[in-house]
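Structure provided below as structure tokens; questions to follow.
Labels run A, B, C and D following the written order; every chain starts at residue 1.
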Amino acid sequence: MNPINYLYLSALLFTIGGAGVLFRRNAIIVFMCVELMLNACNLAFVTFARLHGNLDGQIFAFFTMVVAAAEVVVGLAIIVTFFRSRHSASVDDASLMKL
Amino acid sequence: MTTSTGEAVEFWLLATVAVLGALGTVAMRKAVHSALSLAGTMIVLAVFYLANGAYFLGVVQIVVYTGAIMMLFLFVVMVVGITAADSLRETIRGQRWLAALVGLGFGVLLIAGLGNASVHAFTGLGQANSGGNVEGLAKLIFTTYVWAFEITGALLITAAVGAMVLTHRERTERAATQRELAERRVREGAQVPPLPAPGVYARHNAVDIPGLLPDGTPAELSVNKTLRSRGQIRDVSGEALEDLKALEQRAEDHAEGKGTEGAANSGAGSGGRGAPSGGTGAEPPNNSATPANGAAR
Amino acid sequence: MDHLIGALVGAPLLGAGVLLAGGRRLDRAGHWIGCLLAAVSFALGAALFADMLGKPTGQRTLTSHLFSWVPVGGFRADVAFQLDQLSMTFVLLITGVGTLIHIYSVGYMAHDENRRRFFGYLNLFLAAMLLLVLANNYLLLYAGWEGVGLASYLLIGFWQHKPSAATAAKKAFIVNRVGDMGLSIAIMVLFTTFGTFSFAPVFAHATSASQAKLTVVGLLLLLGACGKSAQVPLQSWLGDAMEGPTPVSALIHAATMVTAGVYLVTRSGVIFNAAPTAQLAVCVVGAVTLMFGAIVGCAKDDIKKALAGSTMSQIGYMMLAAGLGPIGYVFAIMHLVTHGFFKAGLFLGAGSVMHGMNDEVDMRKYGGLRGYMPITYVTFGLGYLAIIGFPGLSGFWSKDKIIEAAFAKGGTEGWILGGVALLGAGITAYYMTRVMVMTFFGERRWQPAPEPDTAPSVEPGIEVHPGDLPHPHESPKVMTIPMIVLAVGSVFAGGLFSINSAFVKWLQPVTGHSEGHSPVTTGEVTAATLVVLAVGVALAWAQYGRAPVPVTAPRGSLLTRAARRDLLQDDFNHVVLVRGGEHLTRSLVYLDHSLVDGAVNGTAASVGGLSARLRQVQNGYVRSYAVSMLGGTAVLVAATLLMRAV
Amino acid sequence: MAFPLLTVTAAVPAVGAIATAAVPAGRRTAAKWLALGFSLATLVFAGLDAARFTPGGARYQLTESHAWIADFGVRYQLGVDGIAVVLVLLAAVLVPFVMLAGWHDADVLDGHAPSRNWRPTQGFFALILLVEAMVVISFEATDVFLFYIFFEAMLVPMYFLIGGFGDRAGPKGEGEQAKQRSYAAVKFLLYNLAGGLIMLAAVIGLYAVTAHQLGGHGTFSLPQILQARASGQLRLSSTAERWIFLGFFFAFAVKAPLWPLHTWLPNAMGEATAPVAVLLTAVVDKVGTFAMLRYCLQLFPEASKWAAPVILVLSVIGIIYGALLAVGQRDIKRLIAYASISHFGFIILGIFAMTSQGQGGAALYMVNHGVSTAAWLLVAGFLITRRGSRLIADFGGVQKVAPLLAGTFLVGGLATLSLPGLAPFVSEFLVLVGTFSRYPAAGVIATLAIVLAALYVLVLYQRTMTGPVKAGNEGIRDLRARELVVVAPLIALLIFLGVYPKPVTDMINPAVKDTLSDVHRTDPAPQTNASLTAAAKESAK
């Protein structure tokens, strides 16, 4: 089997995640889609590591995970506070950027 | 190093699952379902990691992601449950088409990009993992990437503190006492007595079945708020209403409409919600539909 | 010796500087300083003249190179003088007549509070005029040329409080500018043709240049000459220029400046000789102006304007002569000199009359003055005889020669030009007699002085009580003496010059001279001239001497009315140039605002509108921002792929 | 290392600006004298520059060169050629007069103080000094990038000078006036910024080209580029050269200003006070024409030759157009502005005629136009401030009440219509001859302007100065001592430069020769060559 397939898969997942971010309004689901994209990247990293026969790719994936973890923590916290103040988790309700 | 047929099979099977999971994440109406399908995808990915010789990552993926992060998600879904299900109706004009276009284009581009990349065989992690995958990673992390590692440490700490700061709420005023709460309720004239219990006057007494009012309509207040907003109210008052109608019918046969008036009035008085009996009698489906509407709202 | 040339120009320049920068503290002595410096420069001129006479004809030309003015690349303009017989003639005329008129002005301007400034301007004029005639290259000549233009502007508009004066001054300057444009372009052509515009080398190689080029240069120079010498079609300013004080009219607009054109043509004789077309053009212009001026002169009732018309016509004579080439140059200059004498004299006389008549300029309100101002009468009379060419007086010698030369041009042109010149002589006799008679003879037609506000020209200082009749009186000595001197000049100069054709011999080395072969003998010409003259005088006498002159001008024939309006030439200018110009500028101002500026503002507005529309994209929804982000990423990916593909 | 004369010349006014701005509120007279002192010091140093400059010596003299932004080959590199040194001197000469003329311009603002350290006077003079510093350094810079920075930075102080200290003698009320003023200031800024941005693109393009051709490390240094091109190291493709040239030229054409990019000037000059307007046209705008001569021609000779015909047409249009519009104006300062547009047309015409007369004349014209405009416009300013209006119609017969003012005004006007004996004549005639010798048609048409100039100058003089004294003009006082101190030297300078411009031309000529050799152009030879020798002989003696 051609290793490129892994990459195809990661690309596909990434795209799906991206589409999700664009389509969904529920902040939590949007967040999940972001996670999905991150994971897609990780898959690519891991695959590359195997392709090139060194572990740097995996290191990268590892760091990605750590960052993702941090991000999720903060992000969810934000969602919660937002929900408290607005009683809604829809990203469209957070349209104050327009002013 | 080429890949074994086994891996191929495994890939094709699990890849399908992964994609389905991803699609589920995007498409599911309820956050819980999205979260679950995402978890599925992640597990599949973990398997792929393992297959790609990233044993440590595979495990971490399961433990950290599927274990910790996804659970965190579920917790939040629980907290924010009220609007956890949102309609997929698009509100921003043109957003959907634009998104579809861009997303599709992006995907196509990625695929195309990969398409003209010439990748034939893995180099394989044979000697990279010779000292064991974890040791290999450890060596790299604590030598080459030690600086980045330290930084991520700092990042995590910051994130933790940040989350705390964000979610922590300083109580500015004294907590209201029982008395004050009661007085307020009276003042606002909102539901002075305790909420009605579910299942009263009903065949079942499960929490998700509303009690029925004297006129047989379900008392929404008797069901837990969250269930209500999730639209998870099971309604069994249909046949009760049928009985009521039959009973009234019989009452009319006996005496003139006065008697029923009085009955209706008394019912209204006890239930605290006036509904002209004729009306209720006339369209029962309407009444039975209300919970659904409430859920949809 | 040749350093004196610098001093010659320097003296009056110094005077101008001192008087203009000196301020009020010089008011008392100012006019005498002016006269003194004018006289100094005359003395220098005389000295140089004597020195020049001492030399053999060959090396009479003096040159003095002061400093290099504008050296840029091959372009070398120096402040360098060249004094030859031609220049010398002018120097003597300018400084001589100039000094006399300075002296005259002392009396004439006695009551003007700005007399100091007046003398400053006069000195400035002298300096510029001397620069003009002494320059050894065209650019310096041009400087002098414009300098006299400035002086004339300042002096015509000397009484700036009179709108008419200010307008006249402006008009004079601008019309002159048109001529100057011709001159400056001529200089450019010369430079591109010869790589220099100094007289000597240009004339040395004139013949080596192409005929066409020389013709162009000639015509352009002629344009310049027309402007300065008030020749058709640029003559319109001279009449109005009479708004200036009378001494100014005498010096600048009769004796010297207006003849600069003749000087230019004569000086550039070599070029004109090589360009017959241009020469013919000069002749035609001269002839036309001759008639034009004469006709206008016949119709004017304003004494100065009448004299101005005559000036125009006389310069027409000179131009005509100058256009004839070597046959005529000498006589052109000769007539120029004699004319300088008698016309200056006539103007001073007119000034003296006006002085005595509360500045009344309308001849119809004069009459019978000969008893009241005898000196003026005599001097004016002599000038009159001289100009009409009474046998023996200056005009006779110079004008007849020109008429003769005109015939001598030969061919039909010769006949036509000669005829015109002859006719002109008759008309001259007519209008001059008219002036003479209307002013000094006949019964008194004096009018009470008009209200000051409506006064045609109220000199400040002279107290004129509305309503009282003028009491004409002879002018003070300081004014009469110059008149006498000029009268003497106008009587004898011509004769003096013609004693065994001294003047011809004097100028020949510079201008060259050739007796054309005249189809008619001198005798015949003289006879014809005298006849025409007699007719003219007789007509005028019959019309104005015998019959009483109406105080208000009769409507007169169509021609008369046209002539009163300078043959409608001003009206033409007004309609075509002034009106047209006004419309042009007004529409341009509008276009500049609406079109040029509007275009820019339009772009600005459209940009504003566009951004206002683009603002809609910023709807504040995270997701639409996300879309654009992803789109951007997609573009980047595409770009990288393309780069790789290429 | 030699004493950095050029740096000091530019630094003195800069320091002066800071010092003046620092003067505490309420000490405005002190600030004025301080600023004046600094400007005079600048004049001294500029004089030193001129003295130390040896005509016909090295092309760029008094050079200084230090690495600045090494990565992009940007150097702090100064050096003057004949033209630059003359123009530096011009700026240094004019600024003190500008200050003296504008001595009380900011006092009006001093009246109503919104805050305790409200210091309009200090600001006014500091800004003037700042502009001077920037102008001087952009004359001195031989590094394109360095030049660009100050060429642009100049706009900021000018913007505030125009918008903040504008003319209060406008035809309309104060409110409307303020609106007009800010409109003019913004217009000025936008026009010049647009030009500057396009130039920036061109500058970067130049760097890219040099970097590409000089083996990786590009440069902005003018001498280095010239040298590289001379040695054939640097060879611009004609398309690249043309585009970059256009980028540069556009900016300079806006600044100059060249028709049809001129419309900002009348607004700016109309709304600014006379001294500021002088600073704008006489000093700041010269940077544009100067830069055409130094950068466009020297860096892009081929492109310049390629574009010359079009530019000539534009400048001829500008000459006639400006003159005609000047005739049509009803506002004194706008009239002078359009006259300036006409004169800038002459300058550009001379530059792109590419003959030694044309360019020499143009360079000289920059100086002469500076002085003559200063003289004319400053007197006009005095007149306007006295009457409190700048509409020609409001004046009349001033000559009667203020003869000295009228006289100086007339002299300024005569200089503007380039009367021989006053400075501008020499340069204008040189430009015309230079143009005529290569493009006769252009020369002839441009010559029409001398008639139009006479028209607008004399009409203006007649309407304002002559005739009976108009109502409202009786009170106009004659020039005061301070104003005489401003006007008299300028007029003296006009006469001196008109009679004996040799010192300046001697400075300019070598630079012009170098430029022409950069462009590979020689003067067209006269038809009859025989006369050349004769001419030489004749003029030698």
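Throughout what follows, a contact is a pair of C-beta atoms (placed from the backbone, for glycine too) under 8 Å apart; a residue touches a chain by one contact, two chains touch by 3 or more.
If you're wondering where the values come from, they're calculated on a predicted model, not measured in any experiment.
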Item to check | Smallest count of steps, each to a touching chain, taking chain B to chain D | outcome: 2
Checklist outcome for this item: Touching chain A and chain B alike are C
Next on the checklist: Between A-C and C-D, which chain pair shares more contacting C-beta pairs?
Outcome noted: C-D
Next on the checklist: So the centre of each chain is just the mean of its C-alpha atoms; given that, what is the distance between chain A and chain D in Å?
Outcome noted: 61
Checklist outcome for this item: Whole-Å distance, C-alpha centre of chain A to that of chain C, is 94
Next on the checklist: Suppose each chain is reduced to the average of its Cα coordinates; what separation in Å results between chain C and chain D?
Outcome noted: 37
Item to check | Mean-CA-position distance for chain C and chain B (Å) | outcome: 105
Next on the checklist: Residues of chain A that contact two or more other chains, please.
Outcome noted: 18, 22, 25, 92
Checklist entry - Using the touch rule from the top of the page, what residues of chain C touch 2 or more other chains? => result 619, 621, 623, 627, 630
Checklist outcome for this item: Note: chain B residues in touch with at least two other chains are 92, 95, 99, 102-103, 106, 110
Checklist outcome for this item: Chain pairs that touch, by label, are A-B, A-C, B-C, C-D
Item to check | Interfacial residue positions of chain A with respect to chain C in the complex | outcome: 18, 21-22, 25, 30, 91-92, 94-99
Checklist outcome for this item: In the complex, chain B touches chain A at residues 2-3, 5, 7-8, 11, 15, 18-19, 22-23, 25-26, 28, 31, 34-35, 38, 41-42, 45, 48-49, 52-54, 56-57, 60-61, 64-65, 68-69, 72-73, 76-77, 79-80, 82-84, 86, 88, 91-92, 95-96, 99-100, 102-104, 106-107, 110-111, 114, 117, 119-129, 133, 136-137, 140-141, 144-145, 148, 152, 155-156, 158-160, 162-164, 166-167, 169
Next on the checklist: Using the touch definition from the top, list the residues of chain C that touch chain A in their complex.
Outcome noted: 618-623, 625-627, 630
Item to check | Complex contact set, residues of chain C against chain D | outcome: 63, 65, 67-76, 78-79, 139, 142-143, 146-147, 150, 153, 157, 160-163, 165-167, 169-170, 173-174, 177-178, 180-181, 184-185, 187-189, 191-196, 198, 200-202, 204-205, 208-210, 213, 581, 584-586, 588-589, 592, 596-597, 600, 604
Item to check | Interfacial residue positions of chain B with respect to chain C in the complex | outcome: 92, 95, 98-99, 102-103, 105-106, 109-110, 112-113, 116
